[in-house]
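Take a look at the structures below.
After this come two complexes, each holding chain A, first together with chain B and then together with chain C.
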Partner chain A sequence: MVGKESFSIRSIRVLSGAVLITWLILPLVPLAIWSFAKGWFFPDLLPKRWSLQAWEYALSDLSGVMDSLWLTVWISIAATALSILVGIPAGRALGMYKFRGKELVELLILAPTIVPGIAVVLGIHSVFISMGLNNTINGVILVHLIPTLPYMILVMAGIFANYDPSFEAQARSLGASSAQTFWYVTLPAIMPGIIVGGLFAFLVSWSQYILTLLIGGGRVVTLPLLLFNFATSGRNDITGAIGMIYILPGVIILLLTAKHLSGRNGAVGGFGRI
Partner chain B sequence: MKKILGAALLATSVAFTPNAFADTADGKSLLGQPWEKIVETAKGGQVNWFLWGGSDDINKYVTEYVGGILKNDYGITLNRVGLTDTAEAVNIVLSEKEAGVTDKGSVDMIWINGENFRTMKQGGLAYCGYTDTLPNNKLVNWENPAIANDFGVPVDDCEVPWSKAQFAFAYDTARTEKPPKSIGELIEWVKANPGQFTYPAPPDFNGSVFVRHVFYHAAGGVENLLGDFDQAKFDEVSAKAWKILNDMEPYLWREGKTYPTSVNALEQLFANSEVALYFNYEPAGVGLNIENGTFPATVKGYGLSDGTIGNTNYTIIPFNSPNKAAALVLQNVLLSGAAQYEKAKPDVWGTQPAIEISRTADDIKAKFASIKKHPAVASAEELAKNALPELQASWISAIEKGWVANVGQ
Partner chain C sequence: MTHVSIRELTKVYPGSADPALDGLSLEIPTGELTALLGPSGCGKTTTMKMIAGLLAPTSGDIHFDGRSVLSEKPEHRGVVMVFQNYLLFPHMNVADNVGFGLKMRKVPKQEIDHRVKEMLELVKLPDLGDRQPSALSGGQQQRVALARALIVQPNVLLLDEPLSNLDAHLRFEMRDLIRGLQQEMGITTIFVTHDQEEAVVLADKVALILDGRLKQYGPADVFYKRPVDEATARFFGGQNFASGTSDGSVFKSGLGQLKLPDGVNPGPGKLTVRPENIRINAGENMQNSLQAVVTERVFLGTQTLVKLQVGNEKLDAIANPNEVENISVGDSVTISLPPSSLWVLST
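And then the complex of A and B:
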């Protein structure tokens, strides 16, 4: 580790941290105020009338927001878990080995982040219908893997590019089984990547709209579906209330994993290039 | 990946057990059956209704009032699916048809009209020929061309009306003294009040209907535009209309360099006092917006002396709905005098009924007569005195394309 940081580097760090927090928090302030407002008109600095109506609606059975919240949490966690399962071996292959057609594989993995979702979603829908996966939660979880996997695999490939497999060989030569080797040697080394990639995967799945609507066929109602209804119809109060609920899981997960995100823990595996 | 896919495939195929209640995907077999039989078939089933979900008032009416009747009186579960754009539901049906799903569709009913209805009808995506089966169909006046035609497209028994709406303007009495009361006055008013007016860019539903009002004005009356699309007439009138709109452009909000993309954006501009005039195809929205705090209480709706365009909106059943019996029961409930009255109450929604009130039972008639409209909403009777018809869809799409090419560019 580096010794004491110089004063100027420290102040830049503090300053950039403050700017980042301002950028992240400030836009949320009007949203929070709106959720308690009954009308908020120019040029008033604060709403003249306050109300809990928007929150009452958002928390009522009628709006279905709470049911959607748990469903969305489950779908995003499942999509993240599957992304990790697929992402670790795929990242290992891309990060550690050279093989024929590797560039093509990388391009195909990146494709979902380059091609706009709206262009392919109808085709995906037909495929899912023919497999009988439409209108099911399982189908929605699977289709979320399309946008989440590129992030997961790229992060894991970066981790494995800097990963030294001779640690595994040493563990095996000392008598560890392959499961023990993975658990005690590989997993701790790639953990920072799993956390960062998993966070990406969770947030990408969390914010899916059109894929969920089409593949879910209206049976799988996630939070973005409810949120966008109101966000596009100009109901700032209800949008604010649902929006506050909507950002909660992301914030909680960010706080839980914050210490792994500083980059310092990357020391073992390290974030490298593919 | 393969293993996971396989496992999930297996899991879902196991989960796909047939429904306990009768599958009524075969719409033909329902036609001509006694109503009691259809109600019996629908019992214990479900119906998935896809409709625009951006109003908590409408959501509440649909989920609690309509859903309550279906549950308590018919044992049917209503699943309201909120949409941001109706075309999303049409796309689901369309891609199901392309994938060969003819009897297991996801959508049982859509709130629809205009362009989306045309897509459904032309694409063979609608279940047709059943309206006589509904007992409450007798409350609908199919002789009225404004009901029998959806934006100029003959309904042909492929959907049933739900509500009527008529375009109306609104202004804030605290900010504006004399709003323009005709399209001619508006054109002058915009020039005298630079930056105070704008309209959503077509093909936005409401922006498009505003442009049609200008088009009617340029044509010297809608009579000259009715009927099939006429290129020569279009060229003549459009040249005048584009000139009016282009002359107006520098006096619009932000000098016309940009237009709002949706009527909701216009609503926000009006709520924030950036523009002085607001308009919407659903005049009742002004009352709801005052009550929910979007607009100040000083806002007032009004019609134009040279008339405003009216339309009817409908509910449609897709050809591949597996719950057609339940969807028919739902449509019949929606057409009932009681449900139409509930919807017309200003604190519920305030929208105009699509049925003939004169054909309803006496108690329903009395209830309708007792409705006090929201004071800020333009009176439906006043608006109806100067109602203008919609054009055929071919005219509308030509006008929208022409606006984009000549004004919006």
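And then the complex of A and C:
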């Protein structure tokens, strides 16, 4: 009886795993095929002729894909780093302390996940113009903080809600300065939250389209913008190749950090609020 | 090696009307082991945190060897606090926990390893350096916490309820360890506890704090023999109080006329006698003998509580179970209150 039960639970797990993988991987298969196809027409199941042309073009200087890739990496890393810098103190305040107007602050932090980005960015656009930040990389990095910060702050608030600040008092009493206390005691304790929140911030920034388009003014061409250009111009083979490059960081990050994303990680608890 | 002087120390938490600590003054001589005793919420942990520099006092001052330390940061005071729940850093193994204070002082790694090894031997955990704190028992965790504190050779060691989380058999072992190390290293040590037994077995001197104020400060036996008032006597298990008047040598009350020890001032007051000092079935010719009726007996295991009625006054007596084996409720017995066991509290 017990064996049968564990068998059925196992088969459900295998089945749901298979469904999940199919759901995530299947849509990518045509993209991958297109990137190696030289024409692919109905009703052919597979392209009649194969070619590496699309990849050659995508990886050449001509297409600007590599420049765009490094630009996108830089913007996402910078936005993530700034999110961490802001998210740690903000999460600590929200997770550990009670203060007047805390609910309002929480609502305002959550707002960007509810309000459409285009509504937010139209207002910010004029402010950025007056500050000379429009059409610049710095402006794009700053505007990416709008969608990344809610994730970072809520993850850190979840971490700090279960954090015991007595450890810091103990470290000070043993002779650690406040900087040493942060480095040797606080940081290791909140590291799971920094990893999870940072990953989400990176991926959220990586996938921004509208905010980059409006604030960058078409001069800051990140990978999603480039991808969209090729997709609308009907070059399915090149779109396929760029698409494969575009999903790479997400796949790498997921593989490297799968264990941090399990339900047992307290950091993921913060997402219950979103 | 530090003389700690606490002067009129007061702490009022924001948003609270009553002070958590109200004008506490204490002189703690170099190398002594002092207990701050009081019920939870009496301000004793607040006092420790202020000595450690983790909390700023509202007013008052703290001097180490005659020098105010209020402006010094916690890491420069030379005070180490061992918290009640030990607070071993969960992401470090035992050796790294013990060596933490030395690492913060930028001591060379080789010397840290050497001293950690020495310290772990001193607390009798020589082979546990590689373990994670979560793999240790409560008693072992406490020893690691103690080792981590002592390795930096603090001027003042603060212990928060050092024995209260331990089983009865571990308590005496830990008491001996703490006292032994403290005496050997001569560190001025202050610990807080709500348990009078813990204070009495561990401390050279006890400071009783009730409602944020110092009630009495002195060697532990004084709290039993010469408590300053009824609250103090009750905190140490005193239960018998009879109002009356002293003429300096005899006390008149509902218990009749009882001979007093030397040193009691004349005037109205409250007579007190500890339950364990009442002698039941004493001979008629004993001093201060009285006739009493047994109203209740409660077997407590190693002792028996006998409740007595003398006229209109009630007395609780604690006796060896063997000595009161033949006494039952309703019996009339002769009891004796030896003059040396009596004390008069001013009212």
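The rule is short, and it goes like this: the second predicted complex is superposed on the first by the 236 of 274 C-alpha atoms of A that agree within 3 Å, B and C clash if a C-alpha of one lies under 4 Å from a C-alpha of the other, contacts with A are read in each partner's own complex, and residues count from 1 in each chain.
We adopt the following convention: a residue touches a chain if its C-beta (ideal position, glycine included) is under 8 Å from a C-beta of that chain, and two chains touch if they have at least 3 such contacts.
Since the model is a prediction, treat every value here as computed from it, not as a measurement.
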Clash-or-fit label for the pair chain B, chain C on chain A: fit
Chain B versus chain C as contact partner of A:G218, first or second or both or neither: first
Partner chain in contact with A:L46 - chain B first, chain C second, else both or neither: neither
Angle at chain A between chain B and chain C, C-alpha centres, nearest 10 degrees: 160
First (chain B), second (chain C), both or neither touched by A:F167: second
Touching partner for A:V185 - first (chain B), second (chain C), both, neither: second
Touched partner set for A:G234, first chain B, second chain C, both or neither: first
Per-residue contact with chain A, leading partner among chain C and chain B: B
Partner chain(s) touched by A:I114 [first = chain B, second = chain C, both, neither]: neither
Which superposed partner A:A176 touches (first chain B, second chain C, both, neither): second
Shortest span in Å between Cα atoms of chain B and of chain C, once chain A is used as the common reference: 27
Chain B residues touching chain A - in the complex, by the definition given at the top: 1, 4-5, 8-9, 11-13, 15-16, 48, 50, 52-56, 59-60, 63-64, 79, 81-85, 88-89, 91-92, 94-96, 98-101, 106-107, 262, 264-265, 267-268, 271-274, 292-296
In the complex with chain C, residue positions of chain A that touch it: 164, 166-167, 169-177, 180, 184-185, 188-189
Contacting residues of chain A [partner chain B, same complex]: 37-43, 49, 51, 53, 57, 62-63, 82, 85-86, 122, 125-126, 129-136, 138-139, 141-142, 210, 213-214, 217-219, 221, 225-226, 228-230, 232-238
Chain A-facing residues of chain C, complex: 49, 52-54, 73-75, 79-81, 83, 85, 87, 89-91, 100-101, 103-105, 148-149, 152, 158
